[in-house]
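We just call them A, B, C and D in the order they show up, numbering each chain from 1.
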């Protein structure tokens, strides 16, 4: 057990650093750049029941200290993920991976998870409940504790793997959503997904995004993410994965002090492709600087 | 793909809004005309993609137009300053189907990537005709550079202030060529795609999150399925392109 | 009527630029720097019934492209504002000013507004409903449409001045809160207040703020604010004031295209004390660049 | 207060972590020792407050300790670079009650503002004793500069590696003086406040949003009501200070 290791829902991670869903593909683009086995694990592109092209383009915009995306869950669908992506990944990644799952109805979530449950490469299911709920008026599953619980229960019923519910920050009371997921059986909580945002192009007088709005991520959201991790980690007893704007070893430690057992890194991968590797390499020295022997000792270690 | 620091050698105006940037660094990942680099600028989150105009040893030439905050900031770079680049991005042009007399078509800041392509096509013993389109005479750049390479150059300006009056497609009518390569604004590409005889390759632009295939920000639909402009593109063949609107 | 003028709830503003509450004191600090009569108007420091020192210090923290504050409504109380601040302001500002009001119960809001209603210098009441509701379990008035409506009604009952309700962005459904305020009689809506956030000091392993959490503002929040302005402006028919991270003439125009009738500028004043004056000076040239003759023509002029 | 661009003349280390920065620009708003400036750094949102150590014509001397990202960035500034400063912030020390032999007490990076103060006190014909406290010998700076001005200097180090072993208050015991001025870390100020005989002025630090009175971020309670450290401070009189913890 190294200085960096943490235990995420019963599975030991060599370190808490996890590339976030949607910013690391299915892993092998980055495997061309560095040995991705240095990672704790990684969360794959959000996978849905059917293949999706996603939203129209443009679906990326620049923001102060961040970016907005409206990719809209482009993915080949769970069957091709299992048939093509996972086998391809096997040759470059020998650790359990985190399967990120999305859906537009409770049944869809369950169907995708049931299929992924059979895959030995999948270590955790990360269930993204910020997608719009087509049967529930378009608001996301993640904005209503009762619906969040319903998704959690449906997924838990079809899988023996640890289920991590990934929450949307676009809510009044993040603790209520987290607790509802925990009570419904979630094995962990990850947060935050993106903050709903928009930019208008002054020349065209239209949204920069074809989808009108999109999700803000990157350093800009870090203080909001940290606050939510802090609130949720104190309210639930399952592990919390912290993410949102993390881009340095110091940020990883700050998230862990706030209560995160592991830390995901999203947008930063897009701009600095080696950042996860570099953060893992930098952690021991930064830990020394702040008198930290083992990362697992500091989880939730901050005082108000 | 490689991530490397480059040193600015030159950053000079070619026209009022178009600049030539010459950078020194590790160019080993830059292997094909039509590829691009992605430039990190202090204080901007996303990198800025710019096509490779030329590469000679460890010197990279980029040509960019100042259109917004990032390119405005790039304009202020002076020799000796350093830039963090991702290099060797995108598929680039495939030269093998070019035949003996390919046509290269560039519009505005779509002209620069055609320069290195033309150089390579000529180096392989082919004859090249280059149709270069601009809005107006004082926006023209690099036509002399293409001529110096040994290409036949046909210049067009939308207002007729230099060369043929009209669009690149006006100049193309009646030309004989074995294959074509095009880069330019989307309306130009669409016109070329619609009117060009025979086969060819066209290079596209999309807003990009990463530039190396990680984010799915730059996807486009083709007749063979979705492609990432930054990885399976920016060059698509005429045959696979699908125009949705 | 100049190119920059707009009409805010029946009162003509020379331009839409308004320093935001809490970042411009009661005006006269800035009057030492420039003639503040160039402003459209300004919103004064949040005023409460009784004097308040506010939270303990430290109550300021740095964030990526922004800052976090937990000042906690330090102010001398409405009686001294009327007795001392307003008379002092009179000598340097001859336009109607916007009185920003806070409270910890519906009655308090009403009591403060009733007193300010008698002051001829006050052009608008801006009612900040993001303060914690001490009688309602600590959640802010701004997070529940019914409570937001209750404050609006109570305030409208005691004043003839235009009432602008200032909303908190820390909600699932900003449109619901805005509509509740409009239905309860609000004459305008301003948004956003700060996003709840936190930072932890790695050396002390404590929150950087004595108050643990604080409010994020500055450029980081601009895309979130713009999205909310866009959503609210399309849902209500009263004027909307847009704010959150505005720091250039371009940002002002972007907010107006999204639907703002006027635009407030907060954190940017703290770092660039002349910024409001400079933005007003820059607007005509930037308008020319984007083909805008009169600012009032572009309010809500963007397409999806 | 003034907002001006200053040019870096010098940025050199005095100790491992302490740097001296000399800047040229419009110093007209800097009128009293104990005032501070607020420095904008590219990529950091809030300005960084630093006390004025000296001003001579249009040259400002600042001394800062590298403690975090902003001061680390400041360390990389080289001569010729420019910095955006707000100058002339804070009340500064009131020299009128100093008497004929004031004591100035500085601890760590509380030493720099005492330099200009000492210079002014000496210029007005007073005798000055300066008690300068540091942690250890290799953190000591500027003691020779105080001596060169003509002040009597008593050096203390917590570990006794130079000068008197102990804290500034240890060195103060038994000294005769007409008035005192102090700047340093809060525990030092508290100890000075508790043990110093007679009257004096003490200078405080608080996290700041603006530095010029606009945000109420830096408020502190005094016996005469709340004061903004950036405006009614950073200098408070011994008599008005309230310690709440």
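By definition in this document, contacts are C-beta pairs under 8 Å (C-beta built on N, C-alpha and C of every residue); 3 or more make two chains touch, one makes a residue touch a chain.
The structure presented is a predicted model; accordingly, all values stated were derived computationally and were not measured.
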item: Shortest path length from chain B to chain D (each step joins two touching chains); value: 1
item: Required minimum of steps from chain B to chain C, each step between chains that touch; value: 2
item: Distance between the centres, which are taken as Cα means, of chain D and chain A, whole angstrom; value: 47
item: Chain C and chain D, separation of their C-alpha mean positions in angstrom; value: 36
item: Gap in Å, rounded to a whole number, between the CA centres of chain C and chain A; value: 34
item: Contacts with 2+ other chains: residues of chain A; value: 61, 63-66, 219
item: Category of the chain touch graph - line, ring, star, complete, other; value: ring
item: Touch relationships between chains, expressed as pairs; value: A-B, A-C, B-D, C-D
item: Chain B-facing residues of chain A, complex; value: 22-25, 29-30, 32-33, 45, 53-54, 57-67, 69, 71, 74, 208, 218-219, 267, 269-274
item: Of chain B, residues touching chain D in the complex; value: 42-43
item: Of chain D, residues touching chain C in the complex; value: 1, 3, 40, 44-47, 70, 86, 206-210, 212-221, 226, 231
item: Chain A contact footprint on chain C (complex, rising order); value: 61, 63-66, 68, 139, 143, 170-173, 195-200, 202-203, 205-207, 212-213, 216, 218-224, 226-227, 230, 245, 250, 253-254, 257-258, 290, 298, 301-304
